[in-house]
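Some structures to go through are shown next.
First chain A sits with chain B, and in the next complex the same chain sits with chain C.
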Partner chain A sequence: MKRWRLRGVHREWLVGYAFILPALGFTLIFDYYPILNGMKQSLYDWNGVNVDRFVGLQNFRQILTDPVFGHAMANVLFFLAANIVLMVPTLTACIILFRLRSQRAQYIYRIFFMIPLVVPWVVMLLVWEFMYDPQFGLFNHLLTDLHLSAYRQLWLASPSEVKWCLVGMGFPWISTTAALIYLGGLMSIDPAIWEAAALDGAGSWARALRIEWPLLRGQFKLNLVGVLSGTLTGYGVQLLVTDGGPGYSSTVPGLYMYQAAFGGTQGNYGYASAVGLLLFVVAILMTVAMMRYVRSEA
Partner chain B sequence: MAKTDIGRGAIVRAKVRRMHASRREFAKHAILILVCLFIVLPILFMLSVSVKSLTQVLYQLLVVRGPFYLHNYQVAWQAVAPFIKNSLIMASGSAALAIMTASLAGYAFAKLRFPGRDMLFWVIFVKMLLPGVLNLIPSFVLAWHLGLLNTYWVVILFAVSAAQPFWVFVIRTFVRQIPHELFEAARMDGAAELQTFWLVVAPLLRPMLMLMGISVFIAVWNDYVWPLVTISSHSMLPIGVGLADLNAIDASYGSYGPLMAGYAISMVPLILIFIIGARQFVEGMSSGAVKL
Partner chain C sequence: MTKRWGTLSKGRTLALIGLSVLMPVGASMVGASAAMAKTAPAGSQAKIHFRMMDWQGQDLYTTGYNNMIRAYEKLHPNISITQVFVPQGTGYESLLQTGYLAGSAPSLVELQQPNYETFYNDGYLVNLNPYMVKPTPYSHGTPWVDTFIGGPTGFQSIQEGNSAGAINVVPVDGDGNGPASWLGFYVNLKILHKSGIQHVPTTYTQFIADCAKIKKAGYTPIVADNDRWLAWVWYTLGAQMGNDYAAKFFPKKYAVPLLAPDEWAVAILDGKINAQDPLDLSMAKIAKSLVPYFQPGWVGTTINEGKILWMAGGGAFRMTGSWNYGWYQKNVKGFKFAVLGWPVYVVPKSASPYADQAWVKSGGQITSGWSVNAKLLKDPAKLRAVIDFLQYATSKSAQRAFSAVADSMPEVSGVPLPPADKPFVLPNSADTLAAPASTASPNAPPLMQNTATMAALSQEYLNGQISLHQFMTTMVADDMPYLRTEFENTIFSPKTGLPAQIKVDMATLKQDEREHAAKVVIASAQQALSLAQLRLQFYDRYALPYMKK
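The block that comes next holds the complex of A and B.
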């Protein structure tokens, strides 16, 4: 101990390593090791216990020729398009909120925008599932009460409607994290710009396009990266609400991966890892492309 | 004469402008109120159903009228209490451990000098840019081989790990902004590094650490896929998987009253946490942490 105190520089090294060791250890063991292992196992026929046989690229060949995977890819393109469009409500709401004159009103609306945060994710989805329920649900009840029984729907149970129903969940689509990022961006802007804009006398739409939108483009792209990568690799909603059904009408690649591993009884972990690796690579390429784009313009 | 005319014209124009402005202000409020209404509507619907009997669910779903079956909450509590307990342990355990590890590392990366520091920081930071999708299966097998399945640890350890990149980065950025003299003074006094950390850094970081704790807590409370895969014994299930299980049973025969009561109960811890940390959330997160 005394020796260390004498050699101050080395003591600092030691302390430094000791302080970062837990964080580094966690990241290496519980994040990097699984990622690397998944890359390796994507080339294997693997069930986690006794089967571990090198098969080269066979998993990938099989994935890319499986029509179910093709179906899942088509579905995820639909969800990608939808989720990009559904970024608009949060952006618009934040711009409107920020233009309010009363600070107090701004604060109150901001609290409301935080409300989705206190509803557990699973609860939000299950309540929507209940509202869609053909027999007991809110929407069909409402249609009956309005004497529109003819328009009652199967909602999530209908192959042609299920994707739209999933997209409709969460209406009015206010994302709390995105809202925090946009509002943070608006607040960090020099107030002189708003005064100039007010004097300019431009209409509200013109002002949104000419002033707020360019100022928020960086934040928008940041959120866009999250939405793209999250939608491409995500499958929680489908797993919880539809299990990809009816049939394969709402399945996505992430769910395809999940089911290869945990859906059946066989535990096809090598195959599932290969699906995971494919999604991983595509998501990274998309993120890198977006980041480039962010840097070049912001 | 002409002068007053001009004056009157200006007054009228100003009035018109003010009227336009207030009409615009009104339109903004109208839009935002509508948005907020639709945000809370599903929650209000859930609460209204949570006190209905089966008959009321079937025939009076959209009417809010007594008798109110508060008994539903008692039924729901018995089913949900064990899940809540499990999730409380998992979420607060993860939050505490994540705060300890990430703050120490963030501090070291910001203020201490040692070989390989920046490289090691990048190792942690880059993980933030990697999508989590590939992890699921190999992580499951790792947890399985480590004998962690069906324990609280399987959720805690992986949640702590997931929190590292972002929060180490945020804390490092934050500590860097603290003037160097503060640390030097403490060090001159002969305080050991750990003491410096507790006495100087931790108090300054408190709002940030609280925000971190809250967000890790909420993330674990919301976790679904990972515990679904790693925890199979019913008595160990966290709230998300537990509620989905209840839903699968109750919804099939329309027992929505107690089910919705269970959902409502599961919101309470998040509401409490939110009230405690509301200021950090509304102000803190939108000011400093996320900057481009």
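The block that comes next holds the complex of A and C.
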């Protein structure tokens, strides 16, 4: 009898495993295999087709001595700092939204948050790119119309302005996904806490700093990991808008990796894999460090 | 027709003196003949569908191709064709690279130099030599290759781009084959007139003087962009300066045009061409002298933005890389325009002592066309259909119809040139300027070996972010690891290295001799083997010592 039951239990497990097997299989094939293969290829001179020669750590040595990679790292740190600072507007907006007493106002506010989500990201970038155009763009036209022609800028074409322009593209820097996470967190807070705070006479700032912020720390950490990994490994904005230029002024390591693979006439996939692996390690290390720091402050 | 100058490779455009063109055709006939033999007989009625992909989105070209496809489908009701348009600048090459790797690339793809070289050498394209030497169903007994303007000579640089001497593209839509000038400079006449200029410049000196006048009048002389324009500037300087410059560093026995790219590279690796190289310095200075005539913010201007800016009257001259005159005629509003043709950009000796005062003999060299996916070698019926379509597309009647609709330069002999294309054609008198076919131009500053960094580095230098000295030293620094890797692969790669190539050439020769192949085929195989051996000897002697350092 006992044996039968055990068999039944095993059968249940098998059914359970069978259900997760497809997801597990696809994760292994499409996530882990490319990562492991990328690790292997980072040690090769590999053009993706017929050149596949073991070169040891040569790719890594070349990356670390390439001034362009150093430049790209400096650029990405700039974007990382900017993106971390620019997490504040979303957090603030969510707290304000949550405090709105009018259900109707809350509804409108939420709609306002969600609309950007349905506008394709690429369209937004292209609109911004057009607004920055030195000849036709909105900003220089506005400056001219306001009799401020002397202040017309080259915007994306200026090596000193390009990074700021790219950061500015996110204005007003409200991330819809992050906002949903924050709002979820705020809604899960026990109403008794607000009542207690009100009884204690806590003002707006006190509520924000002593209740809302500490209780949203978990959500903040989650978004922070997204910002960290997204910024360190991402390059979509730079690829679409500036292609890393002028020169290398807005090149980031992800774009450097992409250009190594697809930028020349012959793909250098081994080298690109090595860049990708380095980025992966840097992103992991920074994420772990950041998580530990945020937790220790709790 | 749009050309992407940014992808021009070095030393591929010159004729290979001493080698007959038909020889390499014959040499690789043997290897490819097996594939040809497997193709389905003409007239097969099995349903066949294939895709063809190109970057031609202009309405006139689209109409021309649509007409051609529909006419062909009418002739062959069992065949249907879908044309896929992928604009350039949106990852055309990357899409193909992944498509070929995944086995999902279209049957026919329009490619330009050096992509057809890369993809052929990677094994993705069909060697068309066996088809080229035979008449087509539409050529009335003339071998296919002889129906094109320039005949076999036009395919010379294509054949030099791969070790098999294979023809791997078929030009259909106004590649600039024949005596084309390659210079698609469009000129806004309204700006010229407002600047007090009543003529279209015809020489480099006049062009520069006119730019100065236009700028003084408050207009932008040149609408530049940060990609194709830059590549064009380097290409056009490299094509008319420094012929045979690299060959002087090595013994005469290596002065073979096919070795020219190797000579440039080895000369850089061993320091003969370095950051103080006078030819590179000269080219860099001339390029920089043009910058004051570009529009403000040019370095942030993409190809398409440059086009829009010029169309909106934002500057006088615009190199579009296109001779699609008909499209401009239809779409330019608000001003009259002209085409600035040959020989504006022949750099005079007064601009540089390295000026050849000649344009390389590029006329007749095909640099783009349709390539057939090698995957079709496993599907003989489809391969036959695709080849037949290409043969139809390059028949006199199809070319006449296409040229008339698309205002494109015909690719085959005996088809009249549309009047709109005449300004783009190099006059016969210009032939006297052409350098001898035996010489080799660098086609870019010699130090610009690493094409992956070319655009960004050029932007930094021309935009004043780095000095001329930094530009030169960075190019050298970029070249070293790149060239070492290239050389290591050339010498040591078990699949693509020269020793492997020599083995293949030897086997081909033995097979030809065993099978009592035609004399021309055997001679060609011997020639290919000798060249590969000479190249290996060159690398052993001049590259290997520096790679061991």
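Note that the second predicted complex is superposed on the first by the 266 of 298 C-alpha atoms of A that agree within 3 Å, B and C clash if a C-alpha of one lies under 4 Å from a C-alpha of the other, contacts with A are read in each partner's own complex, and residues count from 1 in each chain.
Here, a contact is a pair of C-beta atoms (placed from the backbone, for glycine too) under 8 Å apart; a residue touches a chain by one contact, two chains touch by 3 or more.
In this text, all values refer to a predicted model and were calculated from it rather than measured experimentally.
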item	value
Superposition on chain A - do chain B and chain C clash or fit	clash
Which of chain B and chain C A:Ala197 touches, first, second, both or neither	neither
First (chain B), second (chain C), both or neither touched by A:Leu154	second
Which of chain B and chain C A:Gly48 touches, first, second, both or neither	both
Which of chain B and chain C A:Ala82 touches, first, second, both or neither	neither
Which of chain B and chain C A:Phe262 touches, first, second, both or neither	both
First (chain B), second (chain C), both or neither touched by A:Asp133	both
Chain C versus chain B, contacts on chain A by residue	B
Partner chain(s) touched by A:Tyr248 [first = chain B, second = chain C, both, neither]	second
Superposed model, chain C segment overlapping chain B, candidates 9-17, 27-35, 99-107 or 207-215	99-107
Common interface positions of chain A, toward chain B and toward chain C	48, 133, 135-136, 262
Footprint of chain A on chain C - complex, ascending	7, 9, 91, 93-94, 97, 101, 114-115, 118, 121-123, 226-227, 295-301, 305, 308-309, 312, 314, 450-453, 455-457, 459-460, 463, 465-466, 474, 477, 481, 485, 488-489, 492-493, 495-496
Parts of chain A lying in touch with chain C, wherever the complex brings them together	45, 47-51, 53, 62, 67-68, 132-136, 154-159, 162, 242-249, 251, 259-260, 262-268
Sites on chain A touched by chain B in the complex	9, 12-13, 15-17, 19-20, 22-24, 26-35, 37-39, 41, 48, 89, 93, 96-97, 99-101, 105, 107, 109-124, 126-131, 133, 135-136, 138, 141-142, 145, 171-172, 174, 180-181, 183-185, 187-188, 204, 218-219, 222, 229, 232-233, 235-236, 239-240, 254, 257-258, 261-262, 269, 272-273, 276-277, 279-280, 283-284, 287, 294, 298
Chain A partner contacts - residues on chain B that touch it in the complex	24-25, 28-29, 31-32, 35-36, 38-40, 42-43, 45-46, 49, 57-58, 61-62, 100-102, 104-105, 107-109, 112-115, 117, 120, 123-124, 127, 129-142, 144, 157-158, 160-162, 164-165, 168, 193-194, 197, 218, 221-222, 224-225, 228-229, 239-241, 243-244, 247, 251, 254, 256, 260, 263, 266-267, 270-271, 274, 278, 281-282, 285-287, 290-292
